[in-house]
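Two complexes are shown next, each including chain A; its partner changes from chain B in the first to chain C in the second.
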Partner chain A sequence: MNVIILLAITGVFSMFSGIFKQKMLALPVILLAFISALVLLSFGYLGDFTALTNNMVLFDDHAIKFSMVIVFLSIFIFIMGQYYYSEDIEHLTDIFALFVFSIVGGILLVSFQNLTMLFLGTEILSIPLYILAASNRRSLASNEAGLKYYLMGSFATCFLLLGITLIYGAYGSFDLDIITAAITAKGLSSLFITGVILILCAFIFKLSAVPFHFWAPDVYHGAPTVLTAFVSTVVKVAVFGALLKFVLFIGGHQGDKWTLLFMLVIIATMIFGNIVSVRQTNFKRLLAYSGIANVGFVLIALLDVNDLTASYILYNLLAYGIASIMAFSIYSTIKTHTEIDTIEGIAGLMANNKLLSISLIFAMLSFAGIPPLAGFFGKYFIIVNAVNAGYVWLAVIAVVSSVIAAYNYLRVSATVVSHSSEIATIPISTLYRIFLVACIICIVLLGILPDQVLVILG
Partner chain B sequence: MAGLQDQLRLVPLEHYVFLCIVLFCIGMTGVLLRRNLINVFLSIELMLNSVNLLAVAFSVYHNDPNGQAFVFFVMVVAAAEVAVGLAMLVMIYRNVRTVDINALNQLKW
Partner chain C sequence: MNILFVLLIPFLSALIILLASYKLSQSLAILSSAVSVVVIGIMLALFGQDTTAISSIDLPWIASMGVHFHIGADGMSLLMILICNVVALISMYVSLGDQIHNPKQYFALILFMQTFMNGVFVAQDLFLYYIFWELALIPAYFLLLIWGKGEKLRPATIKFFLFTLLGSLLMLIAIVWLGNAGTTSDYSLSAITGLEIDAETQLMIFGAFMIAYGIKTPIFPFHSWQADTYTFAPAPVTILLSAVMSKMALYSIIRFVLPVVPDAVAEYGIYFMYAAAFGVLYASIIALTQNDFKRMLAYVSMAHVGLIFAGILTYSQAGLSGSMVQMVAHAINSAGLFFIANLLFKIKNTHDIQAFGGLRQYMPVFAGLYMVTMFGSIGVPMTNGFIGEFMILTSLYQYDVIVALLAGSGVILGAVYMLRSYKTIMLGPDQNTVQTDIIGTDKYLLYSIAFVILFTGIFPAWIGQLCETSIQNILQPYLQK
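Moving on to the complex of A and B:
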């Protein structure tokens, strides 16, 4: 709860620093606030706000772990944002403030204990994102991305709301504990089942899993690249945090009613995401589809929820997130300096841009799941968990689809080192060099020390 | 207050639920079929408000004020959402001089 207050104040500060012409202050203060938030979370200085929050927000272990990953990935996003927005744009501080508000929404979302907070968290997370997607006002692509995101997001919100209201109608409360008690007393009602299905649909929408994925590639393509990186990493962590909590909540009352629904979504998402990405020529779209495929992969972990599920999900999202932020930032660097955005276009990047190419190859190999890197263990834990739970054929599909995915990523790596053409040297700043090296170190460390990371996350 | 609740209870709960689902479906059809952005926004509002009506009806039948408090949250959020949506509409109108949804076809797979 301390963290929410700290970050909300930081967001307001960032807005005011723009009004008072102190633009330079915004980013250092935000980074400082996020690092202190990370410290507060990891040492558990969260304050006792139970009397104030009326059991609507619960900062248990689950919420702390997910918040830690959200805050950690956000730090990378802000450093990338500093580089992305380096030309002097007019509303820089407002853009950063919107990111901060969205992160506050994400933290509220993972700590919900009341269905009202589920709704509010989703909206506080989403509304800044609609604005940010459209924030490149003169670009038609950005306008379109913003509008599509807005329409699809509000549409999904309506389903979420209807689901919440139906659950309220069934048991007369929004509180998860009271609903659980009422279910044990009165049994499952059909209103509750309908409500749960509607809420799950809204979650699938937010996660951009098949069948509600169609907005995602367009939005990812048209929106500013920082926002794309943010949506495909931090937002996914927050939504998965809420979804895991929700699955735990319904899990006690259903047996395996929802398993079939989940399995269909998972298979469709993995196969669709990977097969469609094979025929992509645009690099940003390739990353978008790889994000969709990864969502399908992480959803497998939700089929068999046990004590370690949260740490598996977080490990995968962390590994995927860091590699993804790095790949998106390299894409935007190349795009800004050379106007290249296709995969063929980056052929021969290696000749004059060693650091950029090596980082890109590291990201791609991590996506592909080459063993010493983080991406491998992210997939490994989830597959082993699925096999142990008896979903062998699902694990087979997962492995096959990740082989297809590996083809994609290796295709990019091969293009980067090919000698068919050359790209002139792209000037990059020292801060950006440090950022890339830090990302590579994180990917390698996560891959070398998976057990230790799991202990921290578990 | 009790008199009002009794009057609201004259209509059976099923009728409220039926009305709200019908309104919700009308809104959903509007979002899916309409091509004018303002109509699409109106349809989304219709969906949100049908949910509000449902929450109030349940609240009366459960004798529980939480449902009505929830409606206020929904109203505030809906207002924020529409503010963003209309701002986006104005921005798009400035760029393409139309509010037709088909004018936006830059992004395709």
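Moving on to the complex of A and C:
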């Protein structure tokens, strides 16, 4: 809870720093606040606010681990954002404030203990995102993305609210503990089952898994790249955090009923995401589809929930997130300087831009799951877990679809080193250099020390 | 002496090259490879006196999964590392004559590849082995992409990568199963060799491993990536791919497949032997029709490794010893032949055999050394190709006559296409503009290759002695039954 207060104040500070013309202060203060938040989380200085919040949020181990990953990935997002918005410094602080508020929503979401909080968290997370998606005011695509995201997001919220209402109608409470007690006393009601399915639909919507994926490519493509990176990494962590908590909650009540639903979503998402991405020529869209495919992959972990599930999911999302932020930031750097946004366009990047190319290759190899990079263990843990739980054929589908996915990433890395053309040197700042090197180190370290990382996340 | 040196020397040299000036990279790379070869020579000498002289390393790495960083070497591993590093040194020398752009990255990547291939040969933990196996592919992929030449370079390279990746993932599933088959997770070779596996599971594991190795070697019908990849790759990389990378698969069959699933090998090995032996004939026939010298050599290489593949699966003393001898021979011969292809390319800027003719009168030294290398490849007595081929064919004949006939006819065809290409290039009608004989490093390198071919042809016994204990250990589970 301390973390939420700290970050909310940081958001407000960021807004005021814009008003008082202290724009250069925003990033250092935000980074400082996020690092302190990380320290608070890891040492457990959370404060006891149970009575104050009426037991609506619960900072248990689950919430702390997910919040840590959210905060950690956000640090990368802000550094990328500083670089991305360096042209449009005018609104920088407002934009940063919106990001911070959204992150606060994410932390609320992973720590929900009451269905109202689930709703509030989702909204606090999403509303800044709708604005941010349209923040590139002069671009038609960005406006379209904002509107589409808003409409589709509202749609998902309707599902969520209706589901919550039905559950309330069945047991007369929003509190997870009270509902659990009521279910034991009164038995499972059909209203509850309907409500749960509606809420799961809302989650699938937010995760952009098939069959509720159609908004994602357009929104990802049109929105400012920082936002795309944010939505496909940090937001996914928050939504998965909430979903895992929700699955743990419903899992006790005839969990096998939801398994079939999940399996269909997983298979459709993995196959769709990977096969459609083969035909993409736009780099950003390729990343968007690979994000969809990865969601399918992570959902496998939810089929067999055990003590380690949270750490496996977090490991995968962390590995995917860092590589993804790196790839998106490189895309936006190239786009800003050369107007290139296709995969074929980046042919010959290696000739004059060594660091950018090597970072991109690392990201791609990690996506492709080459050991011992982070992406390999991200997939490995989930597949082994699925095999141990008896979902062997699902593991086989996952392996085959990751070979298809590997084709995409190899295609990109092959284009980067191709010598059919050359891209002129793209100037990059020292901060950005440090950022890229830090990302590479993270990817390699996560892969070399998976055990230690799992212990931190477990 | 610690086995870690074979990983550290090339790995650190690669890092140093990346940091040093690009003018130094070539000499540093050659220096490092030479040091590696010397170190391995010392190791071999120590090993000859005392088989426990090479100390291994065993550190816990991923404790929750039971994965260790466990490396060590026996006679067979040492022999493979020797091949790997000698070939790497040859490959660096071959690069000397070519004007290579970005030499820093180029030599660093070759050294990384060398490190990871050494890793494959010394890993004693199956998970670690898998990681080295997969890592060795990455430098090869970029070496091909950046320094390769050919119209369809990119699709061919991606095909090469995806083929091997698919095989590796199948192998990974088998490895994970093996690692978790016991009471606790343990991927160490000794634990996995001791497992009692039922017949059905043995078949599954055997299949997964053999598809992975069949692709990497390659044997028929998994070979479709090979010809393009070998043709488009720069000569030094082709040398590494054909001489060392294919040996990674052959070595792995001996090390991991035979002792772990002996029943499946005895029962189903014959199908892979048929495939491999048919591949020998098939590749030889295609080689006959090739006009592109380098592409022809790619098929020659496929025919030779197919024969070794079949020989290993006989699971007999003669088959295994013959395979070891033949692996050494193939590594040297194939390095020599691709080097010759590169020298020819520099004369006329083409690999087309028909473009050459009557070279012998201008280049007598080259012609003579080419002939020795070719005889090694055909397997003429007194050259290194003879003894191994003879042992393998004998063991195949004892195992199954049809396999021996298929493979044997391929070997006969081998003489036909090699002599035919020699005739056209060296003897045929004079087609030359201005010619001088090979000089400098090229000459000395080819002399040394020819010397090694004759030396191992006349004194092949040391290979058998070096590997004897290893082969006995591998034959043990089979002989017990």
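What we mean here is this: the second predicted complex is superposed on the first by the 455 of 458 C-alpha atoms of A that agree within 3 Å, B and C clash if a C-alpha of one lies under 4 Å from a C-alpha of the other, contacts with A are read in each partner's own complex, and residues count from 1 in each chain.
The definition used in the following text is that a contact is a pair of C-beta atoms (placed from the backbone, for glycine too) under 8 Å apart; a residue touches a chain by one contact, two chains touch by 3 or more.
Just so it is clear, the model here is predicted, and its values are computed rather than measured.
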Assess the superposed three-chain arrangement around chain A: do chain B and chain C clash, or do they fit? fit
Should A:A319 be classified as contacting the first partner (chain B), the second (chain C), both, or neither? neither
For A:E123 in the superposed arrangement: first (chain B), second (chain C), both or neither? first
Check whether A:V399 is in contact with chain B, with chain C, with both or with neither, and answer first, second, both or neither. second
In the overlaid three-chain picture, which partner chain does A:A414 touch, first (chain B) or second (chain C), both, or neither? second
Chain A: partner with more touched residues, chain B or chain C: B
Could you say whether A:T165 touches chain B, chain C, both of them, or neither, answering first, second, both or neither? first
For the combined three-chain view, what is the angle at the C-alpha centre of chain A formed with the C-alpha centres of chain B and chain C, to the nearest 10°? 150
Examine A:D451 and indicate which partner it touches, taking first as chain B and second as chain C; both and neither are also allowed. second
Please indicate which partner A:L243 is in contact with in the superposed arrangement: first for chain B, second for chain C, both, or neither. neither
So, does A:I131 touch the first partner chain B, the second partner chain C, both, or neither? first
Can you give the closest approach of chain B to chain C, taken over C-alpha atoms and in whole Å, for the superposition? 24
The residues of chain A that touch chain C in their complex are 350, 361, 365, 370-372, 384, 387-388, 395, 399, 402-403, 406-407, 410-411, 414-415, 417-419, 450-451, 454
Partner chain B, residues of chain A touching it in the complex: 116, 119-120, 123, 127, 130-131, 134, 137-138, 140-141, 143-148, 150-151, 154-155, 157-158, 161-162, 164-166, 168-169, 172-174, 217-218, 221-222, 276, 280, 285
As the complex stands, chain C meets chain A at residues 61-65, 130-131, 134-135, 138, 141-142, 145-146, 154, 157-158, 161-162, 165-166, 169, 173, 176, 180
Complex contact set, residues of chain B against chain A: 17, 24, 27-28, 31, 37, 40, 44, 47-48, 51, 54-55, 58, 62, 64, 66-67, 69-70, 73-74, 77, 80-81, 84-85, 87-88, 91-92, 95-96, 104-109
